[in-house]
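The next part holds the structures, each set out as structure tokens.
Look for subunit A in each of the two complexes below; its partner is subunit B in the first and subunit C in the second.
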Partner chain A sequence: MTTRRLIVEPRGLASARLVVLVPVLSVLAALVLGAVFLALTGENPWTVYSKMVDAAFGDSRGISETLISATPLILTGVAAAVAFKMLVWNIGAEGQFLFGAIFAAGVGIWLGDGLPAIIALPLVILAGAVGGAFLASISAIPRVYLGTNEIITTLMLNFIALAFMNYLIFGSNSPWRDSAVSTFPQGRPLPDSGRIPEFFNRLDYGLFVAIALAVVAWVMIEKSRWGFEVRVVGDSANTARYAGIGVPRKILGVFLLSGAFAGLAGSLFVAGPVGALDPRSLDLNLGFTGIIVAALARLNPIAVVPVAVLMGALNNAGPSLQSIGVPPETVTMLQGAILVFAVAGEFFIANRVRRPDKETTVATTGEATA
Partner chain B sequence: MNDWWWVSTLAFGIGLGTPLVFATLGEIITERAGILNLGVQGTMLVGAVAGFWATFNTGGGFGLFLGVIAAVIAGALISIIHAVLSITLRVSQIVSGLALTLFGTGLASFLGKAGADPLVGEPSRATFQPILEGGIAEWPLVGPLIFGHDILVYVGVLAAVATSYYLFHTRMGLSLRSVGEDPASAESAGINVARVRYIHVMVGGALSGLGGAYFALKIVPTWQDDPIGAAGWIAIALVILSSWRPYRALFVAYAFGFAQFLELRLQTLGEPWNSIPSTLLAMIPFILAIVAMIVVASGKRARQLGAPAALAIPYFREQR
Partner chain C sequence: MAMTKASPHSGDGLAVRLRGVSKSFYGVRANDSVDFDLAWGEVHTLLGENGAGKSTLCSILAGLYRPDSGEFLFDGEPQAFKTPKDAFAAGIGMVYQHFRLVANLTVAENLALGHGDLGVRISQKDLEARAAALGERYGLPVDPSALVWQLSVGEQQRVEILKLLYRDARVLILDEPTAVLTPQEAEQLFKTMRQMAAEGRSVIFVSHKLHEVIAVSDRVTVLRAGKSVGAVATADASPKDLARMMVGRDLELPTREARDSYGDAVLAVKNMSVLGDRGNEAVHDVSFEVRSGEVVGVAGVSGNGQRELAYGLVGLRPPTAGTVLLDGDDVTATSVLDHIEKGFAYVPQSRLGMGLGPGLTTEDNLGLKAFRNPPFSIGPWLKAAAFKEQGATLIDRYDIRGVRPGLPIRLLSGGNLQKALIAREVTLEPKVLIARSPTRGLDVGATEAVRNHVLSERDRGTAVLLISEDLDELLALSDRLVVMFDGRIVGEMPAEDATAENLGLLMGGTVSEAG
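And now, the complex of A and B:
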């Protein structure tokens, strides 16, 4: 007998249950894989995982810190979701996040304490969007008008942005650097009028801004005419051209919008919990983690919110592992594994895998004998 | 020795370029089979930690040999993740490669710090040393440039020669290229597309792993969280800049190694060079890559350079 190959068929529209079930299973699979590596290095996975849950959700401080970590991830997640939906491969949320932070801190410091918060704070936050979109434009314009591969330029700009931030704080006497502190270079604190007020431990209202922006992104992509045209371009650039949609302008728009969201993540983080352009508090891979968030949320900006809370919980739990002698990098490994399984899950959402039908086999054999 | 600073700078550039040679050759092989693997950075890190660990637990010249073997095997094995996702499950190769990089990066950091005696902060028990000391290795110019290197530098050159021969002068190389250009036709000619792609994703991973190990066993021979910088990402750009050709890969990899070494070198040259902040110099290789990408490989030119036609396009056997 010949080996029976499994049959793979496109599923068409997947059921809502499946769309939720597959990402949940991806996370569980990643936790199982993580448990294997923890066990191999002599740790008890159960102890490690309970410690993480306890650190992330155990008390009101843990919960507020989890939500603080989640806030920028909502926006870097939306940044990746918006771009990837249209097959614009913006891998530069990391750098755009940093440029958002640089612009926001710059505007906050430049405005000083002269303006009331009601004017200063929106300017600081918007500056982040401008900063992110600016960095994205360096990749977006060559992509749209020259056809330059944006994967590589956005990636390279991540490192340039990081070096530029380090230059502003460690390599120069820029206005971003705190001249009052001479022992170790650090960022100059933003004036109070440029800071987002806190309401629950250290948690600030930036969380709600991020959630509102995710909803705005969802409406733009799913409900507006612009979003419809963008989705057509994402499905097939040729169809879009025949339909008279200006493809280059759509790509440029999505690219800059994606950069703006990542930049807003930076400005909310600087105007919120960090309060200064502080390289050690900003170089946290939040842009790359946003790609994991977007993939697990299946590029849906609304679904990005709960997924960002999950990733924020992991980020928040990492450092607590040191107290039980487990490397905090357990979390990075788990997040990477979650992405691997989430990506694999896409196959099972898009396709149905089944054994060849018994009846068909019987029928063909019957035919042959008859 | 001579004190022409630029000769030693070029020589060090060759050293710093060698891991890029391995990773770029690996990615060329993978992309020639039609698979874009953005997992190079993660694969290199896994190779680095595997190589460092193997050498650390043995030591000596044989330990270095075991380190190289471990890195090659680890690189090939971890890249199976990308092969399964992109070839069998046919998901977006871009997202799949990023997944490999993020998982590999996390795994390497985790393994470097986990366990009762973590590797982090430990110096390597053996490092690659120049093969020749004195004699022709001290001749002016050619000494440091050609004869003063360790064995892996020469292995890198040989790997470029071998890759070029393999791609353009063997039957397997022809199959590989046809799979990357037109998988449907290759399939009708009796080539097992999936198998050819699996093999060459793993070969590419093996070379990336070796490149990672060269960092941990030579360039930064103490285990730290991020021993390779952005080498894996740069290698992906170098594939395009080398127009998918092994000999050019050698050249561009050394050029980038040189650009990276310049950053360290300018600090020692006195006024006015040492007044340039190192944070700005750190941008040089990346700016170089972006400018080169825009000038050399924009639009149709990337295809004319030799980009495989089926690169990054999932192949649906059933839907031919």
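And now, the complex of A and C:
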């Protein structure tokens, strides 16, 4: 008896409680692992964690900075969630985010101060969507019509996008570069009409735009006819074809939409807190972190919002650790651990693990009685 | 046949003796006081509908589950296997429905795997020679050096059986082995089973296909709702008797009633050709008609162009030549969606691979073809209430069981999947219903339901094209039959003239009416 193994069996339908509980436990498990690591390196985990909470939520400035960090993560998270739901492995939110920023800054600078904000600002923000979708299309079109592997193409385009942004600022006299500064190259500031107004310390209204877009994404997928078709394609392309759904167009649409969301993250960030195409403020792995956000939110665009706030808090807390002599990379490690535990947690949502001969839980499997 | 192992006939001479064996899962009695006797040297069928407890009983015998209560004697000795390994050491082995092979190893390596007494050095050559010899002896030819992933399903099954013989299992349990085999492969398997029995081994065969059961086994134990209904010698049993024991009531599978006149031709196919997956012409110059209120059966051995025929007709693969007319309208080159809207219904052979979205709910699946139109969507918005309402109606009307809110449809049993699939196709009131092997893998109860739905469509005036490999079914349901061989129609006859014999000859390509 004692040597018998545990039995793993598929759990037909996971309860709503479990779906919430597992991600929460994933985060806790990552924090415990982080605590062990901190303890081993001679730090007091309690001190470090309270410092982080304090930095992220301790005062009004901390809260506003946390929400500023969360805003782009909401949209890169939605970008990943929308694509992954349909088994489109767009790993390119990072590059699409940068292209959104490049397009938005470009339009803002090109428009100058000639137009009122009510016209200029929407154009700047939309330019980001176009930029993200444009970069995504470079991967999406060959994927749909030639069957290329989008994991590789989107991943590689991230590096190209980063290099392109660096070229615009450091390598050329492009309109994006601030010609007034002759010392260290910088991005040219957007005119005021292309900036999103602030309302709480440095926090701007972009937060609400991001939340609204997350809701829009959820409604599109869950409530629209288009979303139903997308869900069918994501479930089985064969079945979709059989039901008369145009599979290539659906995949293309989702891919471009995902790119557009990532690009919007870039335009909101540029038109919001950053205010220029500034490589140092944009090269923060916000696109990659979006993948973690989406995984932890179980690809639900609404759940992305609170998860993005959590990740934003971690990002925001990182630099504060330096004041107590702890490397800020601790935060990156915690984020990585959260991803690992979240993915592992999926296993427990999909499967039940039990001891043999302890049959007290509810029935599911057909295997036993088939 | 040489006796490899003298079977120790101790006591009552039984290999296995079960008395009052019960096993519950989560309060559901999968086996309820089952009695079962297995003699040495016999092929013994466990017969029962899906969910009757066959697999549970096999798993108890193979040491995967332990009975909650009851007596289990193996070769006269009380047994309490703790793991499949214990059972195997005692000589009981099982071939599961889902194979347990290592795809990246060769056949010979799979056979040797888990064999403790190989010594330090393993000679690949020796292993392969032993595997080849064993395969030869039992009529289970497989290339011992082939990697398992390269093998067909039928070949993989042979490896599973060889794995048991390699370790000299004395009781072999085969759980629905023929479900994945062609008729020819099944025939070969039956020979192997008889040979193993002749050597004194015992074979437990799980099936719900009555003609197979009668053909291959010496005795049958019938299970119904977890209880053993009784054991009979196949010599004394007719398919009808067995069906009655299995279902618990007299069961006459529905057959069509002949009728004198049919309506106009609804579906007319003229000189249609369709390409196969490799760019070859899988359907060549095929012409036929299906009239309103008529079932036309398409007989043929699997792989003779039936799949491509169906794809060509429903728009999934546009024909390269010829025309398809629906009520006189040319629909040859139109999209799948056009076909659906014009009244084509299609029940594909693969339920979860094509006909249904496995991860979607039953309600969503039932709306999979009508969702574009009101009441399922208004403008760009989906109306969940309409899906729910239709779902409730169809689940009730078509007796689809096991549905729970939010549950992905793939967790339903095969019979319920097929009922859902047919419910969706039929509720659109199609003009043409194309069904491929609609009762494949279903138990008798579900088969009865599916056949009734097909026939009621016929009686409603639908033109039905029934593409199947099951001759019994074709003969029972079709008004007219065509035979496909190598992508062509090689024969056509009214149901009255069709017999299993003349169809079989045409299907084999040895005789051709069409020349």
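Assume the second predicted complex is superposed on the first by the 354 of 370 C-alpha atoms of A that agree within 3 Å, B and C clash if a C-alpha of one lies under 4 Å from a C-alpha of the other, contacts with A are read in each partner's own complex, and residues count from 1 in each chain.
Here is the rule we go by: a residue touches a chain if its C-beta (ideal position, glycine included) is under 8 Å from a C-beta of that chain, and two chains touch if they have at least 3 such contacts.
As the structure is a prediction and not an experimental result, all values here were calculated from the model.
Engineer: Under the stated touch criterion, name the partner, subunit B or subunit C, that contacts more residues in subunit A.
Structural biologist: B
Engineer: Between subunit B (first) and subunit C (second), which does A:225 come into contact with in this model arrangement: first, second, both, or neither?
Structural biologist: second
Engineer: Looking at the overlay, does A:238 come into contact with subunit B only (first), subunit C only (second), both, or neither?
Structural biologist: second
Engineer: Could you say whether A:182 touches subunit B, subunit C, both of them, or neither, answering first, second, both or neither?
Structural biologist: A:182: touches no partner chain.
Engineer: If you stack the two complexes on chain A, which partner ends up touching A:323: first (subunit B), second (subunit C), both, or neither?
Structural biologist: neither
Engineer: For A:173 in the superposed arrangement: first (subunit B), second (subunit C), both or neither?
Structural biologist: In the superposed model, A:173 contacts neither subunit B nor subunit C.
Engineer: Determine where on subunit A the residues touched by subunit B overlap those touched by subunit C, and list them.
Structural biologist: none
Engineer: Where on subunit A is subunit C touching in the complex?
Structural biologist: 1, 4, 12-13, 223-228, 231-232, 235-236, 238-245, 357, 359-370
Engineer: Show which residues of subunit A lie in contact with subunit B when the two form their complex.
Structural biologist: Residue list for subunit A touching subunit B: 8, 37-38, 41-43, 84, 89, 91, 138, 142, 146-149, 151-153, 155-157, 159-160, 163-164, 166-167, 170-172, 288, 291-292, 295, 326-327, 329-337, 339-340, 342-344, 346-347.
Engineer: Taking the touch rule as given, give the residues of subunit C at its contact with subunit A in the complex, in rising order.
Structural biologist: Interface residues on subunit C, with respect to subunit A: 24-28, 30, 50-51, 53-56, 66, 82-83, 316, 335-337, 339-340, 346, 348, 352-360, 364, 368-369, 371-372, 377, 380-382, 384, 404, 406-408, 411, 413.
Engineer: Which of the residues in subunit B end up touching subunit A in this complex?
Structural biologist: These residues of subunit B touch subunit A: 38, 42, 81, 84-85, 89-92, 94-96, 98-107, 109-116, 118, 225, 230, 233, 236-237, 240, 277-280, 282-283, 286-287, 289-290, 293-294, 297-300, 302, 318.
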